[in-house]
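Both complexes below contain chain A, partnered by chain B and then by chain C.
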Partner chain A sequence: MDIAQLIVNGITMGCIYALVALGFHLIYNATGAINFAQGEQVMLGGVLSVTLMVMLRLPLPLVFLLTIIFAGLMGLVYERIAIHPVLHISELMIIMGSIAASIILRNGIFIIWGDEEIPFPPFSQRPPFEIFGVSIFPQSLWIIGVTLITVSLLWIFFRFTLMGKAIQACANNHIGARLVGISPSKIVAYIFVFAGGLSAIAGIIMSPITFAGGPLGTIFAVKGFTASILGGISSSAAVVFGGILLGILEFFIASYISSGYRDVIALAILIVILTLKPEGLFILKRKS
Partner chain B sequence: MSRHRINLIIFLIILTFPLFDRTSYHLDVAVLIGIFSILSIGLNVLLGNTGQISLGHAAFFGIGAYTNALLTRDVGFSFWSSLPISSLFTGIIGYGIGLTSLRLKGHYLAMATLAFGIITSTIITEWTELTGGTGGFRNIPYPAIGSFRFDSGVKYFYLVWIFVIFIFLFTENFLSTRVGRALKAIHKNEDVANVLGINPTKYKLKIFGLSAIYAGVAGALFANHSNFISSESFSIMVSVSILCMITIGGLGKTWGSIMGASLLTLFPEIIRYVVSSPFFSQSVRRALTNYSYHLFIYGILMLLVIVFLPGGLISIFQGKGARSQNARS
Partner chain C sequence: MKKIITIIGICTGCLLILQLIMATVTYAQFKVGVLMAATGVYAPLGGASKAGALLYIDRFNEKGGFKGEKIDVIFEDYEGDPAKAITLGKKLIDEKVIAILCGGNTVGTLAVRPLTEQAKIPQINVSPRSPVTAEDLVVSKFSFQTVHENEVDAQKIGDYLKSVGVKKAAILYDSNQYGTSGAMFQYDYSKKIGIEIVVREKYQKGDRDLTPLLMPARKAGAEAVIVWGTLPTPAIIAKNIKDMGWKVLMIGSVGMGSPKMVELAGDAAEGVLFTSALRYGNPLPGEKILINAHQAKYGKPPSYFTALGWDAALLLVEAIKSTGGSKDPLKIRDALENIKGVEGACGIYNMSPADHAGLSKDSLHIIQIKGGKWVPLD
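Right, the complex of A and B next:
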């Protein structure tokens, strides 16, 4: 396949990884833990939107809005039930809590929606068009566009709003944040709402390509995590670059090496980077 | 009554099971409990005692199973000569994965082992010339001593449970030696342990290897019991189930592992038995035998145990002191 075509496809997939990776980054910065239910939250976005769109026939903007709100609320419930009670016990218990939540969420989805992927119509029904010999599906533009908007909104939020700054303060120094009147426990809850909504966005925009629901949650979580480690989990810009880099890498691997072993190679990259440079490729110095 | 005597009595009761019930289906379930007990004891040594988390334990289970299946069916080794080879091989791979844990802690290690689990199960599915993939690996011979073949449910029951008892005793003894105390010290505070002259790296690696060896033994027993293995038995969901077993049973407690393995293996069987009564309608029956429902319930149980009973269900039997230990540290 043409190199330019591979890059375009890679960027499309990479945008989804970038959104998932941003979810990991947000929660890591606020709690120092990895959210093992991230993949299931992405799945939740997919199945919720498929229900709203195909069964209730709601218009697309409303589908986005309702799915994000509901997924955000689920994020809050998740934090209150599984993370909050163990937050100050140990890191291990946070991991166990999020793994338990991921089992519950995943199988809850399977019980309600079944464990097979549900077909999802593309957002716009136009045929793919060509630019310089590269054929681009309208869905790719949707994915790239929504990702750009989401990332910019997040950036504005963290840069210019009081709550965004409070979250950053809390990530930098819990005790310091508390001294200036920020409640870290509340902030953690907000972060889970955001991460839930963010994962849902990834779930909605990827569904026309990958279908909604089904057993894909785990692999998307691990890929998103790989993206965040590839870039450097402590920086939001780095995880976005990591996601896009991983997307492009994957398409090259699938095209030039083997498509069956594409995931194997991507995950082997994860293990190697975790072992050799766990702070990420785009981070110069480890933050302490 | 001393602890050893209680252990002895419980094991004697377990070993009399085939005297009362020789239904081959029930014995198969009992063998499966034994195999999952070995897996759980292995993961619990790792997680409960050193705080290292492995989300890829089914991968070690699978490596042990396929290595033993290949050695006994295709190379012509006897079960007894292939068992040490396949479990040691699994142990060496575990040691290698443990090497990543030198730099990784907590959630990073969990993700690395999860990735390792996905890699292994993908390879098992894709490398069909070697493993048969989802179609399965057939005609694995039964273990034998001379002309005595472990080909019936009762014989295999004793074979597996003697392994369980041996591994149980080995683990309990090993944990009460200097090594076991060193592991606990590392779990509580790695820096302090280091100052006291314990080399955390060395111990962590060894325990990762040991945990993988246990999984390899379980894999070998599993492969030669079912005569048939396929990639489904070694998926990520199996790793997650083992994690549920030890959390619900009791982290850091060997009896907790066996209890968790028994509960979670028996649960679907009991449900199946209960819903087979004509009282339930067809749709309820189909729903309740669905694996997703079971995992959903395990997830809730796991969460309840983590939040309200960090010592696991076994701590109910072990008195107040045990209830708050280990997990909250």
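Right, the complex of A and C next:
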């Protein structure tokens, strides 16, 4: 029973890691760099939605929609200001741009919303369900459900739409994509909009559990990054599995060993995997 | 060119003279350093303590100070960073302050401690010293604190649990020094009074779901969960306990005593207990003065950390008064150590060479959250 409960809670937390990891994956694929502002973009989703929901009392779907749109736009602004000018210089410059953006975003959030955690009401005020002795909170279902929907929508988008295919083409081969008439710099802008929106979704659904704002951004950025490396940053399915695996792993370590050593052990496992299977746990070897 | 040099020379000369005059003017005042973590993660603690200390000092100055001599505050914000605390502490000592009011987090106060010991300046802390090793247990000659020793807090919690018949309890604690020290005293004291500690687990500040630590506690039959840590994690623990559908007594140390607890945990905070030096609904006289002053200035009741800062300033003023207005840090230190029966907002302080916190168990109260309000149980 305990094990089932740990798995349920682990999957819940893992879904959040997976969404953050997806953001890392998208931007890595498009630019070859790691987006250091990912955690702050998650925070932005949280504080924006708490403002819309608690202060303006908007209904939940509208909160989701507006937050995602606004965070997406912020992603675009971020890309235009910090990434676009240095896009073709080197990955290092992109990383520097993202670090700058993360500092600006974090301090901006602290100035507007303060640096303390803000309480966030759960999406549905229901008691937890009991299934075979495992108590499942409604918020867990929300998190798992929203993650599933987001991941499938993303999958459909990349598989079946022209733009999705263009983005993939661009990730696979910049020069080739340009030869067939795709503008990589435009694609990168789209990617940042998507990543901003994705981070915002993670920020909204996790806030009832973790509170919005506060010093959380960095923690979740580290977790999401670990998840993406664990699974394999070059594949979207792999990072999602990486996130869920990391979540479950963390809960088992915390329960059976010690919460104090949780991160140490999780990161040690990461190092082992990087040594044995550097492309990531869930990446199938490409046929060369 | 020569002209310019002359002008600059005259200006510098004037400035130097002005500075000398200023120095002699400020010398007629009590120069006190306030070194708090007013921004950063510990802002809810250090910022509140700063407000409390300044509120008391402002009142003291408005009333004309001591024999016409006022307190001149030099404020520095160390942002909760011990390295910054050391730099700024040195700066304050160079400014020849007669005492430093310090705090926000424990590591900050501990970082400054060797400096004040060396410079022989009294340091009044608003954060507990949280001893962990035997070395820590030695009372520093120059450090005082307005907050209860963790040991006293642990005894209060232990006594309460025994009085309601709890036999098995779990301890969850923050991995920082405050939590570690508190959990250690809690464990030792519980053993002494016959409460079995079935689970003793530490968590990290970033943890957002404590269910994996609570499940073994429930399995082991814990009747109470004792939490040693500062917000927000205790609020998450309260929520997790409620979500698990576990009917258990949750009790926390003074670190939990903030209006933020109710705000963050909502319904889940209902029935939660914690120790507090303040009584709020039913204040004692010393606390009432602070509540009225705070209400008049900020329009809301003070937090516990405000009271700690207030008491730090209050103890310093009492010490200055008993020396007859001395500006000698050594004399003020001796006077601080001899403080007896001084009523602050947090209780009655009785200092001694062996006890630099001076607050007994009696000045702590068990508070329960009922209907979102704080209700003192004793």
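By our rule, the second predicted complex is superposed on the first by the 271 of 288 C-alpha atoms of A that agree within 3 Å, B and C clash if a C-alpha of one lies under 4 Å from a C-alpha of the other, contacts with A are read in each partner's own complex, and residues count from 1 in each chain.
Keep in mind that, in the parts below, contacts are C-beta pairs under 8 Å (C-beta built on N, C-alpha and C of every residue); 3 or more make two chains touch, one makes a residue touch a chain.
Only a predicted model underlies this, so the values are computations on that prediction, with no experimental measurement involved.
Asks: Which of the two partners, first being chain B and second being chain C, lies in contact with A:I131: first, second, both, or neither?
Replies: In the superposition, A:I131 touches no partner, neither chain B nor chain C.
Asks: Mind working out whether A:L6 is in touch with chain B, chain C, both or neither, as first, second, both or neither?
Replies: Touch status of A:L6: second partner only.
Asks: Check the residue A:D115 against both partner chains and state whether it touches chain B (first), chain C (second), both, or neither.
Replies: both
Asks: With the two structures laid over each other on chain A, which partner does A:A100 touch: chain B (first), chain C (second), both, or neither?
Replies: So A:A100 only meets chain B here.
Asks: With the two structures laid over each other on chain A, which partner does A:G214 touch: chain B (first), chain C (second), both, or neither?
Replies: A:G214 sits against chain C, while chain B stays out of touch.
Asks: Where does A:D263 make contact in the superposed view: on chain B (first), on chain C (second), on both, or on neither?
Replies: In the superposition, A:D263 contacts both chain B and chain C.
Asks: Using the touch criterion from the header, give the chain among chain B and chain C with more contacted residues in chain A.
Replies: B
Asks: Which parts of chain A are in contact with chain B and also with chain C?
Replies: 115, 219, 260, 263
Asks: If we count contacts the way the header does, which residues on chain B are in touch with chain A in the complex?
Replies: 47, 51, 53, 55, 99-100, 103-108, 110-112, 114-116, 118-119, 122-123, 126, 236, 240, 243-244, 247, 287, 290, 292-293, 295-296, 298-300, 302-303, 306-307, 310, 327-329
Asks: Which bits of chain C are touching chain A when the two form their complex?
Replies: Answer in residue numbers: 39-41, 43-44, 175, 201-204, 206-213, 215-216, 219, 232, 236, 243-245, 260, 263-264, 266.
Asks: Can you list the residues on chain A that touch chain C in the complex?
Replies: Checking each residue of chain A against chain C gives 2, 5-6, 9, 12-13, 115-117, 119, 121, 127-128, 130, 135, 137, 206, 209-211, 214-216, 219, 251-252, 254-255, 258-260, 262-263.
Asks: Using the touch rule from the top, collect the residues of chain A that touch chain B in their complex.
Replies: Listed in rising order, the residues of chain A that touch chain B are 33-34, 36, 81-82, 85-86, 89-97, 99-104, 106-108, 110-111, 115, 218-219, 222, 225-226, 229, 260-261, 263-264, 267-268, 270-271, 274-275, 278.
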